[in-house]
Each structure stands twice: as C-alpha cells, then as structure tokens.
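Look for chain A in each of the two complexes below; its partner is chain B in the first and chain C in the second.
Then we have the complex of A and B:
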C-alpha cells in the first residue's frame, strides 16, 4: 500500500509511514481531524485529503474540504435559535442535524432575572463548549474565563451566506492572506466598502453593512471565491468586476 | 457500448448534497449523493451507531424487490467500512440513481422479480465509495468491487470479468466480490452452479483486479502486468487518482 508519495495525499485506511510521524520526548503527539489512533501504535487516516505534519507543534492532521459540519470543542459557529426551553435555547447549527443547546445563563452578565430574550429565528455567534458524539453540542456566548462576550452573542441585521467548511476554516485563519491564500475581503475593504463579517466554522458567513447592496456584493464575492476555487489573482479580478457592476 | 471501457468519474456533481459522484464503467452510468451524518428518524435510530440508508433508483420506473435486494447488500457491506460508531443515533443517507445500463431498461427488467442484477453491483459499489469519499464521511478503508462470470465456451469453462449482457444470459454462474483496501474480502455474492474449485478461481481473479499492489512498475514489467489482465482497469488506482484530483482542487491554496 502507498505510504508516502511526494505529496502526502491519503485515502481512508492508508498506512502512514512511521518515519514521517513526528517524535519528541517533551511534548505528546497531537492528532487533528481526519486521523484515528488504533491502540497501541497505529495511526490511520479516515478521510481523503492531504496529510499535514507539523514537527514544531508535534501535531499532524488531514486537511480536507467538506460540507457537513461535525461540532468540535472551541469552534466558533453561527447558529439560529430554533426554540426556547426552560433553561436553554435550542440552536440549529446545520440542517437535518440535532439542535445544539445554549444555556440561558451563557451570556455576558446574564442572571436568572436579566437574560437576553431571543426569539426563534434569531442568529447568534457562539462557541462550542461541549462536543461529544453521544450528546447534543453545547454552546456559550460568553468567555467562561473572562466573563466577557468577546464578540459573541446575538447578531442583528446583515445576511448569512453558506460556504464550504474548508473555506470557513481559511477565513478564520489568523493570517488568511499568507496561509489561506485569501485576499478578497481586504480587497473589498480597499475599494472603500464598509462592512463587517462573522465567520462560523459550520460553513456560514454573516455579512453586515448599512447598505444592503454592499452585503450582497461581499456575500457574492465570498461565495464565488469558494465555489470557483479562486486564487489571489482571480480574486482581484472578481473584486474589480463586482465593483464595476455596482456602479 | 462495449463492456470494457475505461472507468470515468466526476465528484461533487450535486452542489446541494454533502457529497456526490457520477461514475460510468462497463456501460453503466450511476450518480450517487451522500448526506450525513444526519439525525436519524426514530425508527432507524440506533443508540450506538449510525444507520446507513441506501436507496437505489432504477433508470426507469420505481424501485421494486430487485432494488431492495441491491440496497440490503450494499447497506450491510458499507456499514462495515464506514465508521458508524463515530455517529451514534445518526444517519448516513446514500441515494443511487441508475442513469444508463447496457441492456434496454425499458423492457423485460421487472419480469422476473426474483432475479438479481449482479453486473450492476460493482458500479453501484464504486459510486458509493466515491460519493462517501467526496462527502468526507469517516471510513475504515476504501473498497473496490468486481463481477466475474463462468461462461461455457464449447466444452471449456472460462472466467470472464465484466461480462456482457449476452454472456450473462448463457453464464453458468455469476459472482460479485468486493475487497477493502486492506485486501480483506468484504462482499461475496454468487448465483448459479459452481464448484468450490471454481469459486477459488473466481476469488483469485477478482482479488487480482481489486487488490492490485500499488507499486509502480517500470518498463517491461509494467507492460507484462498490463498484458495479463488485458483491458481491466485497476480500480484501486482509479479511486486514488480520482481522489488526488479532488484533493488538489480543494486545497489549491495550500
């Protein structure tokens, strides 16, 4: 079976050459998404993608793109309130999946008496605090360490666009231009558009602006960049075209 | 259409599905969509593992007993390679739409309800695997399948891979075998009269197609290798190269 070709493209069940697995005495090896550890010492990919090995962080994972979100802890997601229960809200994070729960007290300075009243349909930006295959995911809109919202909470105005999970991951990268090859948002900003975005790891991006026209342009630029697998040069062309059409 | 055309596949053909694939080989064209893991209906819910739901739709008309049989065979073998334990109470839904078959599907197909349709199995199976890979559903391994028939030629018996519809009508027995990428037998379905020796021969033939070693041979060796299984595509290599194309397109920014 193929172990290590020039590119590390892996398929489920491929054997990974032990020589490429990073080994240090000080840090434990961290396995990211797409890998499965079969005790005692086998590491097997479960999805097809590119195997990335980071010897500095002593971690490895499979980089791939998909459409169905599987919650995992500390992910930032955009959800929609489905209904209210006694102590928590039910939040829809991806279609045809069971709802996540958002406790009423997981908001900034919320008490039993003062808590945000959210109607069904309300969008929220939240962090996943509990992701377990046997239980529904649990969310929070407040940082449990600082007690501050830190940008999380209900989102008003604007519009949500669906994107692929790989694209959402690229948008959330700290250096999305250098690491993710994404410049489209910066380019739109340079053109003088005023807008704000919130990216959910569950394949949603929210765009807000005073003018609906700008919301549509930014959303369309993001969707076209995602669906057309556009590189940096193509993103520049796309932004130019959209700006010309707007005028 | 000849039986031994090279396989072709396209991934992600359906934009709204989580994963999809269109596959054509040996006169069959099939489109599959995969959605999942989803929330299972109460009746399908299993506390410890995901339910794999396979739906086969014929090229014309509505599915009947034959399609239900194909579904049950596919369902049980796919449950073995999908990591169903990762998604308790979940559902992985696979819909297969048959688009083209070598026979004329508009006549004679539903005459004999009990008759099974083995030659379409490898195509259905391969399409499922490609669509599951496209949807990034976690799997233990990939798998490949092939159909082999024993055909009587005069007095001599001959094993034929990917038999034509005509050969099938006169075949003594027809077998479908699937192997995982770890060379394990995943599925073995047979129909007709055959001996144990014949089955062993079939097993070796099918294994030769499904489990060809991945080593890239050079020069004369490769020519020899191509010659002894003339016209047979290396399914495992085909799946790998298709996926390599998809991964390269998805991760063009990396």
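Then we have the complex of A and C:
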C-alpha cells in the first residue's frame, strides 16, 4: 500500500476515482474540509482545489484558498479582545465572524482571583475548543491536558499582518518547506534577522522582534510571498531584495 | 452608526513606533504614493482608479433637464458617492458613515465649488433646458486614502466624458447620436486634485502622504489640500484632530503642489493615450466642431 500522501486537482461535483480513496479496516475514513459524503457511498468535492489523500491517517480533504475563516476545533488563531464579560472575554476573530468567547479560567494557572487582566484590543494566541455551525466559537489559552500554556496566551509587542487562509495553513505545516513550498522565513533567519512569529489559521500572522525594521521586513516578505504566490526561487530573490533595501 | 473594526493595541503601538523611526509598513517614503493606476472604460466617462489596494470607479453621465428656477443660465452638476459593504464591512447601504459624508463634501468643494466644470456651458435654452451632468463614484475596495483616489477618479471621468452634440434651430432642440455627430467634451476649466496628509504623534510632528487603512486608523489628524497644477488652492480641510504647526502645514502644501503636478501630467498622458487608441481612422481632429480652448 502507498504511504505517501497524494494530491489531485478537483472541481465541485467532480467524481472521485474510487481507487484513490484510502481503504483500511482499522480506522474509519475521515473527510476533511471541502468534501461531502452523500450516503450510501458517494464522496463529492464541494469546492475547487487540491484533493489531498493521506493513507496513513486514512483521511482526505481539499486544500483550497478561501477568504472567510470558519472556526473549527483545534485551530490556532490570533484574536483580539473585544470586551470583558462576567466570566469570559469576547474575542474578535475577524471582522466577518461573530465574537468568540474565551473563559477567564482558560489561562495557565488561572483561578478566580489570579486571572489575567486583558484590556480591549489586546491580541491573544488561542486554540479553538468548540466550534459548531450555529454557535459562537469557544477558545482556550491553555492546554486542557497538560495545564500548560504551550505558547498560547496574550501577545505583547510586534505587529499583525493579514495573510490568506491558504497561506496560513501552509505556514503551519510541519514541513512547510517541502509540502507548502515555503522557505521565506528560514531564508530571513539565515540572513541573521532575529524575530519570532505566530501564525493564526484565521489568516493572521504575528511578527515580533526588538527592531521595528526587522518586523516590517518579515511582514513584507510574508505578504509579498502570499500575494504573488511566489515559488522557492522567487522567495530567495525577494529576501535578497528586501535585505538590500534595508541597508 | 456602523464602525470599522478597531486595530489591536499591538498594531497601534507598532505603527506609531515604526513611524517615529521613519519606517512605513509597506516600505514607502513618507511622501510617496502607492502605485497609481488609471484605466478608462469602453464608454466615455468611465474611469477606474486603483491606488495600491484602494479601488474606485467613477462614471460620468449627462441628460437634458429643466434648470433650477433660481439659476436659469446654469446647468446641473452633481457628484454622488456610494460606499458599499463591498469596500469594507463597516459600510452599510443607506446608512452613510462619517467617512462617506466627509468624502462627498470634500469632492463637492474640490470639484464643484472650485468651478472646475463650466456649468454655464451646460445651458441649452435659458430657463428651459440644460444638461444635467452627474458623476457616480463607487468605492470598490477600501484600503485608505479614499479622498485622493475618489477625487482623481472624478476628475479623470469628467475629463474623459463626452456629451452628445446638440443644435437649436427655430426653438427646436436636437440632440444628435454619436453616429450623426461626434460627441463633445465638457467645458473644463481646471483640474483640481486632492492631496491628503495624515498626521501622527502627540504633537502632530509626523506627516505622511497616502496613508493605508491601518495607518488611517491610528492617525491623530488629517489635512486635505485641493489644488491644481498651477498651485491654485481650492480648499484646505483640516477637520478636527491634533493642531499642526503653521510652518509644517506650509511645507505640506509645497509637497502637495509637486504631487498635484505629477497627478496632472499622469492624467494628461493617460487621456492622450486613450484618445489615440479610440482614434483609429486618424480623423478625430476633423470630426470635432469645437474651438480650441486653453485648459488647465
């Protein structure tokens, strides 16, 4: 059996070749975004994009670049505190979404007395814990299994840049260089720039550094890579050009 | 009243901090415009302007109506602006935001009240018939500096526009179709352009041109200067905000003049290019019946 994940281009309503659908007896087949199961045995893409089939996870989904973020469970997002309520914060995910809720106790070692005080407008990095179609999403800034923050929580300093959702997913891939074709952050690091990033699936990327110049360079590199849909070679050129501009 | 999503605290502090170090988010100089692009439509009087990610469409049209009773010798000229929800989630239909009201007021002051269009030339029969010229401005995408982009689009659309030729014989008004007689351009006197400065810092000591939306959201004041390429200022609007030093303002007007000259020559170039494209037979010169007029 093939273990490498494969990809095909699909259009909405296309028939999917049954031979590419992974079949194992141990795990149920999992359908990701962009696919719909029509009982009894038909799987139809609902969007156009790249159909990814992963036999190891026994799953398949369509990778596409949409514009509106729809929260789904376990997504990491960058939100903005909108206002405070009795025991939770309202968090703005994007101008098009209704506010998500973030309970006051969903922070590392937070108790009723020692909960973080966040001002409206504060940025937070959070995980979506609850996402139903007709309900507001719920967030957490602490891992519910370990009780540690694991990098989540309020974000201080730096700047947020808007990127496309597909680009955010590519940045979050474990092997973003091979699978996502993205090398721009590594290249910038090799040039000796010191910065940190946080990527939100809601199409936001936060860049932090001591010097605003570096933040702007990294932000511009990311935005231009996203908007121009640059390949690895073009990314190299872009980084060289930006570094030259900086000096 | 609908409002735009506020930028986060991090963004606000960062934009200010960067500006204090003479840096802008897109790497531009303080007095540099984003790439400006102007395209004319197939019809006369359709102009689409894009300034970075800001996109504006203006369409000029004309019809014959009855003049206002108190101004029997003047034509009717109006500019209508529309900010649709397509441009930004903060805009709603039929609920004008402050931005929209200020925008239409500024366009009115810049183009209409400065006498850029000769409204007397729109009169056909005194007190009975006149042309009503109307420009509809649609904002397709909002990424800051709507005023400059809209004003440029309006001026471009009006200068590109041609109305049907008419004649009066024995009290009978005839409006000719383009096939019968070549349409005639409007009586245009001068081209005003808006140049908007955004002011930052507690004392308003940082001034930048062509602010993006992110920058507009953290600015402490703005100043719109409308002027033509001869340096004749039509209006200066400094609506509230932090006080700005008089000398700094004077400096801003100086730079605004060079920008207005750039915009003017860009528009002239584009108009000439479009006229050349339309004039396939090379006989446009012969078809026109109008006299030469020195315009600015």
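Quick note on the criterion: the second predicted complex is superposed on the first by the 240 of 247 C-alpha atoms of A that agree within 3 Å, B and C clash if a C-alpha of one lies under 4 Å from a C-alpha of the other, contacts with A are read in each partner's own complex, and residues count from 1 in each chain.
Quick note on the criterion: a residue touches a chain if its C-beta (ideal position, glycine included) is under 8 Å from a C-beta of that chain, and two chains touch if they have at least 3 such contacts.
Bear in mind the structure is a predicted one, so any value in this text is a computation, not a measurement.
In the superposition on chain A, contact is made by A:182 with chain B only, not with chain C. By the touch criterion stated above, A:213 is placed in contact with chain C alone, chain B being left untouched.
When the shared chain is aligned, chain C comes close enough to touch A:119, but chain B does not.
Contacts of A:228 after superposition: neither chain B nor chain C is touched. Once the two complexes are laid over each other on the shared chain, residue contacts for A:18 go to neither chain B nor chain C. In the superposed model, A:159 makes contact with chain C only, not with chain B.
In the superposition on chain A, contact of A:96 is made with both chain B and chain C. Judged by the touch definition given at the top, the superposed model places A:63 against chain B, while chain C stays out of reach.
Of the residues of chain A, those at positions 96 touch chain B in one of the two structures and chain C in the other. Within the complex, the chain A residues that touch chain C are 80, 92, 95-96, 119, 121-123, 155-160, 206, 212-213, 215-216, 219-220, 245. Those residues of chain C that touch chain A in the complex are listed here as 4-15, 17-18, 21, 23-27, 89-90. Against chain A, the residues of chain B that register as touching in their complex are 15, 17-19, 35-39, 81, 83, 86-89, 133, 135-142, 180-182, 214, 239-240, 243-244, 246-254. On chain A, the positions that touch chain B within their shared complex are 1-2, 7, 9, 11-14, 34, 36, 44, 46-50, 63-68, 70, 96-98, 133-134, 166, 170, 180-182, 227, 229, 231.
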